[in-house]
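Structures for review follow.
Below are two complexes that have chain A in common, paired first with chain B and then with chain C.
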Partner chain A sequence: MTGHASPFSEALKHAVLIIGALIVILPFYVMVSYSLKAPHEIETNTGGFFGAQEQMVDEYCVKLGNAREDCLETPAIFNYTQAFKKAPLLRYLANGVIVTASIFLIQALVALPCAYALAKLKFWGRDMVFGMVLVCLLIPVHAIALPLYIMLAKLGLTNTYASLVVPWTISVFGIFLMRQFFKTVPDDLIDAARMDGMNEFSIVWKVMLPTAIPALLAFAIFSVVAHWNDYFWPRVVITGDRDLYTPPLGLREFRGGSDGSDWGAMMATAMIIVTPLIVAFLMAQKRFIEGITLTGMK
Partner chain B sequence: MARITLSGIEKSYGTTRVLNGLDIDIADGEFLTLVGPSGCGKSTLLRIIAGLEQQSAGDVAIGGRVVNQIRPSRRDLAMVFQSYALYPHLTVQQNMETPLRLRDLNGWERMPLVGAAMPGRGEKLKTLRGLVRETAETLKIEHLLQRKPGQLSGGQRQRVALGRAMVRKPVAFLMDEPLSNLDAALRVHMRSELAELHHALKTTFIYVTHDQAEALTMSDRMAVMMEGDILQLGAPDEIYLDPVDRRVAEFIGSPRINMVDGEADSAGRVIAHGIHLKRTLGGAHKALSIGVRPEHLDVLPGGGDAESWPFRVSHKENLGSDYFLHGHVNGGGQRVIARAAPELAAQVSLGQEIHVRPRPGTAMAFGADNRRLRFAEA
Partner chain C sequence: MAVDVAASSALPVAVQPARRRALAPASLAGYAFVAPAILLMLVILVAPVLIAAALSFTDYSLGNPGFDWVGTDNYEKMFSRSTYTKMLTASATYVLVVVPASIGLGLGAALLINSLKRFGDFYKTIYFLPVMAALLAMAIVWEFSLHPTVGIVNQTLESGCGTFLEQISDWYAAGCARNFPLWFGDRDYAIWTICFIGIWQGFGFNMVLYLAGLTGVPRELYQAAAIDGADSAWDRFRLVTWPMLGPTTIFVLTITTIRSFQVFDTVEAITGGGPSKTTYVMMFAIYEKAIQHNLIGIGAAITVVFLAFVLFLTFLQRWLVERRVHYT
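Then we have the complex of A and B:
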């Protein structure tokens, strides 16, 4: 930083940042707010952020033949209980965990040795292989979705966990990211491990992996966010079996039917889906910044 | 125990040759230093001995056994790196245990869960912990055992790196500029400590450095390397007092040896910058370099004589015990440094014209091809 910026330019900077933040936060605001409000408040756009939280009548409950007095609900509680009642949301969340965790584990299992080889071993054609990795980074997922689907269908794997996991197990982005990080690990450390008697695989898991935790965490965020929130691919390969729905697919259950969209419950579901991510990343934040630095090295 | 013999070691990277067929015979328990400017191939040679790099030709033999095809860890050598290369995520204790675990525990015993159930593992662990403790005591780092490398100072990391090498009781230590990351005072201290350690362990040390002072102070023998060749191999005294090559003379010794242009007539009489040397060379030489070490120049603040050079002082360097007088001989372009006792230097002021005289019998002559030329014995 050089000198003091004028108060005006500081204010301008903050104004721009605040506007940007508002634009990003607005959908979240709507999501949180709707998840708390009663349907009539959502439709008429009244009630402020929390809604009045007046007792409301669950029309569906009445249709089922219950007395109106028995169908009184508080909107916020109603929305969230509805989220779990109307669809097996816990099952979907469990599916989400299984799928994203498997994807990330296998990605790391593949990417770390690949990245180590590309960063630290000398072999014929290494640069060409790395070039191919870079080229793969440019291929959009949607371009290869159809061939992938056909392959999985021919193998009879649609509507399985495998179809959700297998296509993502080799992450070129992961290989690229880890390779760039491994480049910064001093060669001496690897030579020391070799002198100590480690083979190349031990070096990857016992020396490179522990030093690469910050980079791996960064990659974990990309990977987990992308696959936890992915709607496109599960929608393609999970065609029938609702037991395999991932959380975003679960949102479809609240899509407008004959009785109109149930916005309150839908937003409550969305809240439940994003909360684990937000909590996880708030916890990981500290690790991110601290990381295991390579301070033992110099 | 372990004599290390290098014969005809060559190394090329593509078309670039970095080592040109080197032969060295390192005796058991010897402290051998490979010294040279950066890029001379000394580290490559060390890595070839370690097995971290494969030579293009030639043999490495340890204890009479050729080890060309043997993995680094099976050569029973230990290496200390310039950057220390400690595992940043492990404590000092774990760092020092690593080589022992890898050597003494089998694959099953090293497994995370299965290992604990293996019979005999506890005993082995106890022995190796004992070895670590013993080494830590020798190096006075017991109090650091539970810390991580990031929490240690440079000197402490240095010791831990040394400890990790020592626990294995290897047949030889390979050291790649282990002191270069330390500050000056600690480096001097560690020099003597390493030399003492060598006496205590009586193990072969092969030590790579670009610092000629380290080479002179610690080694039994030193090999001066340049551009992939060993220019001279011998005891430090021999290298310092009797260099066979101009580049060796210039590299070893601080401040640098003074080089003055000279020539020899057909009778071999040498004239160096206007003064005749007493000793003669075998024949005529057009372009000679006459080397005189700074401590071999007598400073004459009064008047000169036929055997001394007029010398204009341009800088006085105070080292406390000595002064180094920098200046030019005969007003010429060649910078010359002379050592003077403080009392003598006090009589000399900057810009003053004084005389310096090479002490008889100390000048060395080098030919145009950098080879040392011997004076005829008087």
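Then we have the complex of A and C:
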């Protein structure tokens, strides 16, 4: 802003922001550090950030009848291998990828043609359809969770991949966003494609889609972050079948069944779930912030 | 791959000879393109709202062959039984604490970062991290950090015992003499601790929106204000920045409020609504009553009240945007 920022006030601002940053970072610090440490170091709060990484005895392994020497482990490696051994974490991660990817693909498949029609095609009732999209934008997903759950239960679809994906196949926000974007594409481009004999269907996928990549990417980030991190909906529809657990459900199950001795492995699981998005965010911050705050464009 | 699926739905159009500029194929294509979306909107979004509204007047349970209409019983229960009045109190407390705090901190952080000469992006990145991380995972990490005995927070607090901190704060002295709070296990602290996590998670989002809003404030306005005698930082904020951020604030206010009504992950994972229902927020109540206990009617009634809150807020926002915030 205007001029006279003294070095003193600049330092004061940094001091305030650093204190804030320390509080924000605290749980991340705990998560990383404790995922590396041995249980006794966690309990006594010793060992610094990385822990001493002394060999420790895995009591469970001893109980199974193995010799103590064979049960020596390095804490960091022990925690991370336990994360995969105690629960089928790989399966959970694969489920997370399958669910988030299917949701985004179907959302795009439904939204792009619809958005194109609403932006560029003339037909009777178009404004009514767009009005419907605007009304549906008002419905928060949490408000339809219960009736959707009942519908899925009646159809016998709870505890299936379908129940995790189907409710999200329609993104009115995606339709709205892409329609606003397609509005800015010049009509000449579409007319030229029609002159070349392209039908409307190929226009959507071969002409409009390529122009929409930046907007679609922002929407992809928005959608993937929301559904990878979602806990509420999987908790509602996946009740028994562990094979269908998404990563947050898997971690919750781990926590629920824990007797408090395997905090290290639990923190390692949390790390594995949180890391992919954090790394992606750090590598493409601008895009991510754009994508996550997309809702700001409504 | 994915294209094939859509191809079949648009096939009648594709088969037509491409008559140049003819309106018919384009409008046919229009219907074919919006049809799947309309169908999904009706089945997935519109129908459930109507179903929820209808079920809220029944005593329906999954697995029962039929149900009875019970009039407004469910709603009356909600405003008379102590479980549900506690629910409304918990949700209201959460919203009334988290919304102002996370907006205030978001705005404060944005203003500070915006006025920095260097390293602004560094803080922005850090403050945005909680928005990206799965809340459920972080809730479990917080639960552990705030563990009464082995948690890093209480251990750090204990290490401050015997120092000047005991003299300056009665709260601290009491903590050293007996115990520091149980946080999630203490009914005087639980809801505030849940609120704290909500603020921790959400203020970075608001900060980013405010930073975007700040780039839209024309510099000339500050110069003009300076000519008019606005010298202090507070005057510049009061006369230029705050009014210019009006639209951003209205938006941030609405979205933060709606999100706060939806809090679920932290409550389900950490407190389960307790102790003594002090953290029994609406989303958790819907989950517990309707899905775990199969009391669909009351769950639907809570859903309808929740929806009413959200719609009211959204319309209030639209109204405010249209009425007032055009640069006072």
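Everything below uses one rule, namely that the second predicted complex is superposed on the first by the 235 of 298 C-alpha atoms of A that agree within 3 Å, B and C clash if a C-alpha of one lies under 4 Å from a C-alpha of the other, contacts with A are read in each partner's own complex, and residues count from 1 in each chain.
As a working rule, a contact is a pair of C-beta atoms (placed from the backbone, for glycine too) under 8 Å apart; a residue touches a chain by one contact, two chains touch by 3 or more.
All values reported here derive from a predicted model rather than from experimental measurement.
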| item | value |
| --- | --- |
| First, second, both or neither for A:Val62, with chain B first and chain C second | neither |
| Which of chain B and chain C A:Pro210 touches, first, second, both or neither | first |
| Which of chain B and chain C A:Ile77 touches, first, second, both or neither | neither |
| Residue contacts with chain A in the superposition, chain B compared against chain C | C |
| Touched partner set for A:Ile19, first chain B, second chain C, both or neither | neither |
| Partner chain in contact with A:Val274 - chain B first, chain C second, else both or neither | second |
| Touched partner set for A:Ala94, first chain B, second chain C, both or neither | neither |
| Touching partner for A:Ala52 - first (chain B), second (chain C), both, neither | neither |
| Touching partner for A:Ala11 - first (chain B), second (chain C), both, neither | neither |
| Which of chain B and chain C A:Gly197 touches, first, second, both or neither | both |
| Overlap of chain C and chain B interfaces on chain A (superposed complexes) | 194-195, 197-198, 292-293, 295-296, 298 |
| Contact set on chain B toward chain A in their complex | 47, 50, 52, 71-74, 77-79, 81-90, 98-99, 102-103, 148-150, 152, 157, 164, 181 |
| Residue ranges of chain A in contact with chain C within the complex | 1-2, 5, 10, 13-14, 16-17, 20-21, 23-28, 30-31, 34, 42-43, 45, 105, 109-111, 113-114, 116-118, 121-124, 126, 129, 132-133, 136, 138-140, 142-151, 153, 166-167, 169-170, 172, 175, 194-195, 197-201, 204-205, 225, 228-229, 231-232, 235-236, 247-248, 251-252, 255, 263, 266-267, 270, 273-274, 277-278, 281-282, 285, 288-289, 292-293, 295-296, 298 |
| Interfacial residue positions of chain A with respect to chain B in the complex | 186, 188-189, 191-198, 207, 210-211, 292-298 |
| Chain A contact footprint on chain C (complex, rising order) | 2-3, 5-7, 10, 13-14, 16, 18, 20-21, 23, 25-27, 29-34, 36-38, 40-41, 44-49, 51-52, 55, 62, 105, 109, 112-117, 119, 123, 125-138, 140-142, 144-145, 150, 152, 155, 200, 204-205, 208-209, 212, 222-223, 226, 233, 236, 251, 255, 258, 262, 264-265, 268-269, 283, 286-287, 290-291, 296, 299-300, 303, 306-307, 310-311, 314 |
